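Across the two complexes that follow, chain A remains constant while its partner is chain B and subsequently chain C.
So, the complex of A and B:
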């Protein structure tokens, strides 16, 4: 019998020592002599987390050859990682230690010192009951591939590739159409804050094409992908000749862009191709191809109405970029002819970037007749709007230009399934955390950038692309191994009936079904140890390491005694 | 210190913290320089944050803790950059670490020292809604949870008296009046400027009555009133600390015409404000007086729609410059032009101004010192001829977060992750 449990009670200065009776704790715990046949070493220290405290603990672990360690101290949030580090330094497997919170859960919340002490003793006892069931866990190291698959050759995909590619990292850029550039290829100009002209966009396409570390696959789509961060196996398929290419990559950046809603799908927009009604994108295309914006007759329009927010109510979000590009289109029109009357029917002006407002105000002062409306309808060439006073007015301008909502690309659903990532209720991709992890997804190693996350400008797309690159460059360092989570689940073959219930609850796609053996199997490199599957398994054959039933049961049983 | 393995981050808001953690995980040594005694930036002033109404402390505290525990990150609080030389890949930076007079290693954050201090001063971090002592932490939950002594006010340090009260109260011997400022020389390969923003002085918006009428509050004052660690512990009260407001109006775009740009976040945080005011005082009546709505994210309009459906009445005004505020006994009378440009008025108890965002104080001086350009609004300028760039006019120095312009938390984080990408590329080459 050589097992020794070390139990160290921290005074935390007066924080714990003035509110619980540490002497009594030491006495009562030491009196549990031969606790499960283990030897107990029970001591106190003034400040375990201090430099001196950590040195003391390290020395204690080594000198006493402890096999288990309990630190009765503060919240694990404060110092769990501190004591884990001490274990590692002293050569004790960190999964053989447990922190017991006698500060926030006892000292600070119970005013009666005796009761606080009783509770602290009980919690320490519960911790001891758990720690004896703990098992050492050993971290594994996996090789990882630093190369990256980028899907989509729009501005977001181009920028991702450019920021990622280098002599230690290749990028495979897959574009389904025959050309790179995405939607922005159709723009004659960008916004003034973007330097107006499209030189930067053109330069990016050129740089991608000549970069020796980027391999571009046009007319190609992703057909298969399996694996996890650092190790994805990928099959691409060329749509022209059906040829397949197999590759390996460590991460995937998805930049499949957006589509524009068809205004005719929204109530109140009834017109045909013969009417003088255009979407903004059609105007961009016309202008960049012909250098003119003309009616079907080939003549210049004399009056043009710009209609904001088409379908905004139906889709439930603002498309962010349309106020801006409609101002840009007014700019096009006034540069074509100063005689064109521009009627701008907006609902709200959404100009979220520094220079947008000035651009608008300058043009509004000279050429745009802006009018705030609450609703618009189109019937053929007639446009009816409801003013903010509630009155309806119908006009018949020579040309009507609509800003239809930006909606998710049709293949988002397909990608969500293929890459096991989540969709937001709008149909755009869902970020791992809305605020503090915006380009990551629930699958490690898969990132979403550009307009597939929600309507955005080119500037936003470029920033998001660099952000995903930042994630990859700091997570997949060439030559460095990756260390997967060790507190993962395992399925016990003997009990698993192969019902596959667990496959459905795992949000990370970590479980697969092994048809040959007729059981479900956890891929430990993907599993995050969330424990969802454990509760779902009808035959109780799944356990999460470090959170096994005996471990939890023993701890809870003692904590709830009496 | 190998410069290609070291990065200097200026400002410990959400942008600076995210960059520091990412770089540390990639094995870089990070110096995180923050001029205040606490890290976390402006996000920790807001009790909750949109769009998901998550508690900001719960969002940020784990990040702050991780930063403080990370041995690759050296956090330098109460510190300023004083000079920089060298070039991308090899900068030499001097940092002045002012004396805190409390030993961070020894202090436990028990809070015994400040109640005994005889000197009081307004707590500017709490928007001057309460006072603090000469030895203080800004608010409950400040991290690092270690007080600081203001040497200009401390009776002992400013040379006057033999006061020793805080030292006597401290059981850990953490107070150290002999602490001196230090000048640290840091050799780093790249610099990220994440110095954030502040809001304009609401008194400058003369027609909206701030500073004249006690019933007029700024958005940050409201944030502190709504925050559970704020001066009222989260109770919505007028300045006397007792009276509950019956009717509250939020005026959007306060100061937007002065700064010349939209501040990007106020339409969304106002929806959050309305939500929490109503939650705390269900009988309160709320009005949002606006002229534009800027809700540029897939999550934001939904939030706005929910608030308009019952929590707040949205009222359109057509010219903020023509708005007038008057005090009538203990009520405020707001006069504004409606859709038809007719003058209408509304009587409320409390008025909240969504004060425009501007560059942080000292940003221009910092930019001068770093020899990087600022734009016409005073924010850090990004590389000319580029779109969505995080590079400044000087190679090796990058910008992230609101130091570049007003933005929400996700966009601040995105920019900081982008800056990290550029730093990694620079240091790899």
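So, the complex of A and C:
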């Protein structure tokens, strides 16, 4: 009789002791003398989770040389890890211990003391039957990788990379197009009154390109990623020559940007490419390429209408930046010619930054004729707006410039699947918490910055980029060890038929198919032990350690005996 | 399924079905349209048939393209041919529509590689029950020849599942042989099939309308007798008492599971250690119920098997052929399968493109689950 099971019943102050007859538990459990040929040590304690309780438990494990431990106490959510730590300190493998919940499941829910005691005894018995089937598991330590993958070479991506590299962190910056800069590369000016101009942006691009800690991959997309904080395995694909690059990184900052909605997708905006109707982004491109804003004929427009809030009702949110950039476009126009008449049709004016209002008022006083409207329609070159008095007016300016809603980038869904992060109902990424954790996601080690989590200005993008870099620098510390989950799944080669059903249900991408052997295999560093694959396997060839069929069967069998 | 073909090529069938098919296959072999072919061949004793993978085409003379019995579902044989490693040769297989359907299911479970095979099928008149045949193989051969000869679609001698089979014609095969009275039509049903026909210098110039009508007529009759049979079988499996009654004769040999082409697990859960509890548990069960039948878990085995494979059950009837105590397993499983497949709007074996319901992981199915529960509640309410 070398095996010894220690069974310790916690009084939890009066929580358990007043509702359950602990003396009877001790008697009846101790009476199971020949329990599977194991020696039983049955004791009680006032509060096992207290400092004194933990010391008592540690001493008991050592003194009695326990091989198995049962703590009949509270919910595992409260103190499972507490007792595991005690086991480690006392030299007992923590997977040879089992907590039995006689508080929430017995004392707190059954008013009849006798019945509560009966149930507690049965559950402890079930725990004993399980614990003898448990096996010691050894935790491993992995080195964490401090490098960071930044996806997107726009303002947010550039800033993330620079801030991280500022602390000598190695950054892989991936941009799907051929050059860095993102959407704002098309802007001739940023908001001039805020002291930022294109030189600021170009300087950032230059800094990134010459920074020895940043490796830039242009014309490149993320094709595969598996892993977790500290240990992501990444495959990048070059879209020009289809070559693949494999990388390791510890965190991912996703800055894949946004897109501007097509106004023609919204009701009431009917025009063709031949009409003098432009989106703001088309004007930005035209101005940055030619230094001019002209009609299709090449002539300067005499009257220009600026239309705010195109598609706002449909998308259901304010795109935040449009009022500001329409004012900037007015600024472009008046710098081209002071004769251009600018009619500005807004529904609500959104000027959030402290200098925006002044910039607007200064231009409004000189060149912008602003008018509040409740709706706008475009038919060819004709623009109809509804005034606040409800009256409709149709005008035909030389040029109509629309500010369409900012909508999620088309690849948001792709990234959501690839990185296992949640999307908000608008299609933008969902923050872990919009106020207290705004650049984190539901997946540890993956951060979202810039306009992929909602429309944002350049200054907001920079703030978010720096915030995410801060998160990475504090969460992913060089030299830090990762202790991967040990309660992971394993596939028994002898029974696996290679049908790959488990690959479909694995939420972590932890299973791959080994064509050579014709079986599926679990990557233990990535597996989190959720058990989805176990449930899906038609052959019963997968088991999750510490939750094997015999272990569960023994426990359930005993719990259901009566 | 891809689009239903509109035209087929006429084959000379004066010498009877078996000979016409053999002539076609020999010609295709001569033209090297495939490197090997898998066909049924009589075993030396003459009492049964086996699947033979033929490389030496001289052996074709000894083959029986349409065997009177189905000792092994062809899908099991095809699995052995293609599961592991890439094949370098093109293998033709001539199999029944239910066997094609089993192949489709196994392909979805990655047990069969269809790249390596050309599947040929035919309008199937059914197969004789194994036990009837081995009692008197001479009678069996004669009776089956007569069925083929007279195109008897209503034979009383074929297996019970064959009598109610409505999926006896065009399936997901590459090339299908349509039977209409004295005519035999070769119908290409995929690119591979078209290549094969073209290689045979055969032109698909025959309209298929007559044949389709002919098949439709038979199918209508079959569907009616299927509905009738299912009405009866329903009562055998409704509720625990009836299940107990139906499966009480089971001797726990698990032959049905070994014969089933869909049961592809290397070890059945019901043969694993988990379903062999310790003796104290057996005693405990006896104590609770007053007595317990051994070997354990007969109903658990059958209902468990239903839960595991009924979505892919293709009603080939091999389970019944394999049952030594004549439990109507095939009819029962076929009925349950028709119900479970209806629930998932899925038809086993229909097309290589349909995803297996249990292999697809869709978050919106949680909503569907709610709907199912709701429906069940409404139905329960209806019984009151």
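Criterion: the second predicted complex is superposed on the first by the 311 of 562 C-alpha atoms of A that agree within 3 Å, B and C clash if a C-alpha of one lies under 4 Å from a C-alpha of the other, contacts with A are read in each partner's own complex, and residues count from 1 in each chain.
Here is the rule we go by: contacts are C-beta pairs under 8 Å (C-beta built on N, C-alpha and C of every residue); 3 or more make two chains touch, one makes a residue touch a chain.
Everything numeric in this text was worked out from a predicted model, so none of it was measured.
Residue contacts after overlaying the shared chain place A:428 against chain B, while chain C stays out of touching range. Of the two partner chains placed around the shared chain by superposition, neither chain B nor chain C is touched by A:305. When the two complexes are overlaid on their common chain A, residue A:368 makes contact with neither chain B nor chain C.
Once the two complexes are laid over each other on the shared chain, residue contacts for A:128 go to neither chain B nor chain C. Residue contacts after overlaying the shared chain place A:15 against chain B, while chain C stays out of touching range. When the two structures are aligned on the shared chain, A:280 is found in touch with neither chain B nor chain C.
Of the two partner chains placed by superposition, only chain B is touched by A:348; chain C is not.
With both structures placed on the common chain, the touch criterion links A:510 to neither chain B nor chain C. Contact comparison for chain A: of chain B and chain C, B touches the greater number of residues. In the superposed model, A:158 lies in contact with neither chain B nor chain C.
Within chain A, not a single residue is touched by chain B in the first complex and by chain C in the second. Residues of chain C touching chain A in their complex: 83-84, 109-111, 264-267, 269, 272-274, 277, 281, 284, 308, 358-361. Taken in their complex, chain A has these residues touching chain B: 12-15, 47, 50-51, 77-78, 81-82, 159, 163, 166, 168, 190, 194-195, 199-201, 312, 316-318, 320, 348-358, 372, 387-389, 424, 426, 428, 431, 434-439, 453-455, 458-471, 473-475, 477.
Listed in rising order, the residues of chain B touching chain A in the complex are 14, 18, 22-23, 25-27, 49, 51-52, 54, 59, 62-63, 65, 69, 105, 108, 110, 171-172, 256, 260-262, 264, 292-302, 305, 316, 339-340, 375, 377, 379, 385-390, 405-406, 408-411, 413-415, 417-422, 424-425, 428-429.
Across the complex, chain A meets chain C through its residues 494-501, 504-505, 518, 536, 538-541, 549-550, 553, 557, 561.
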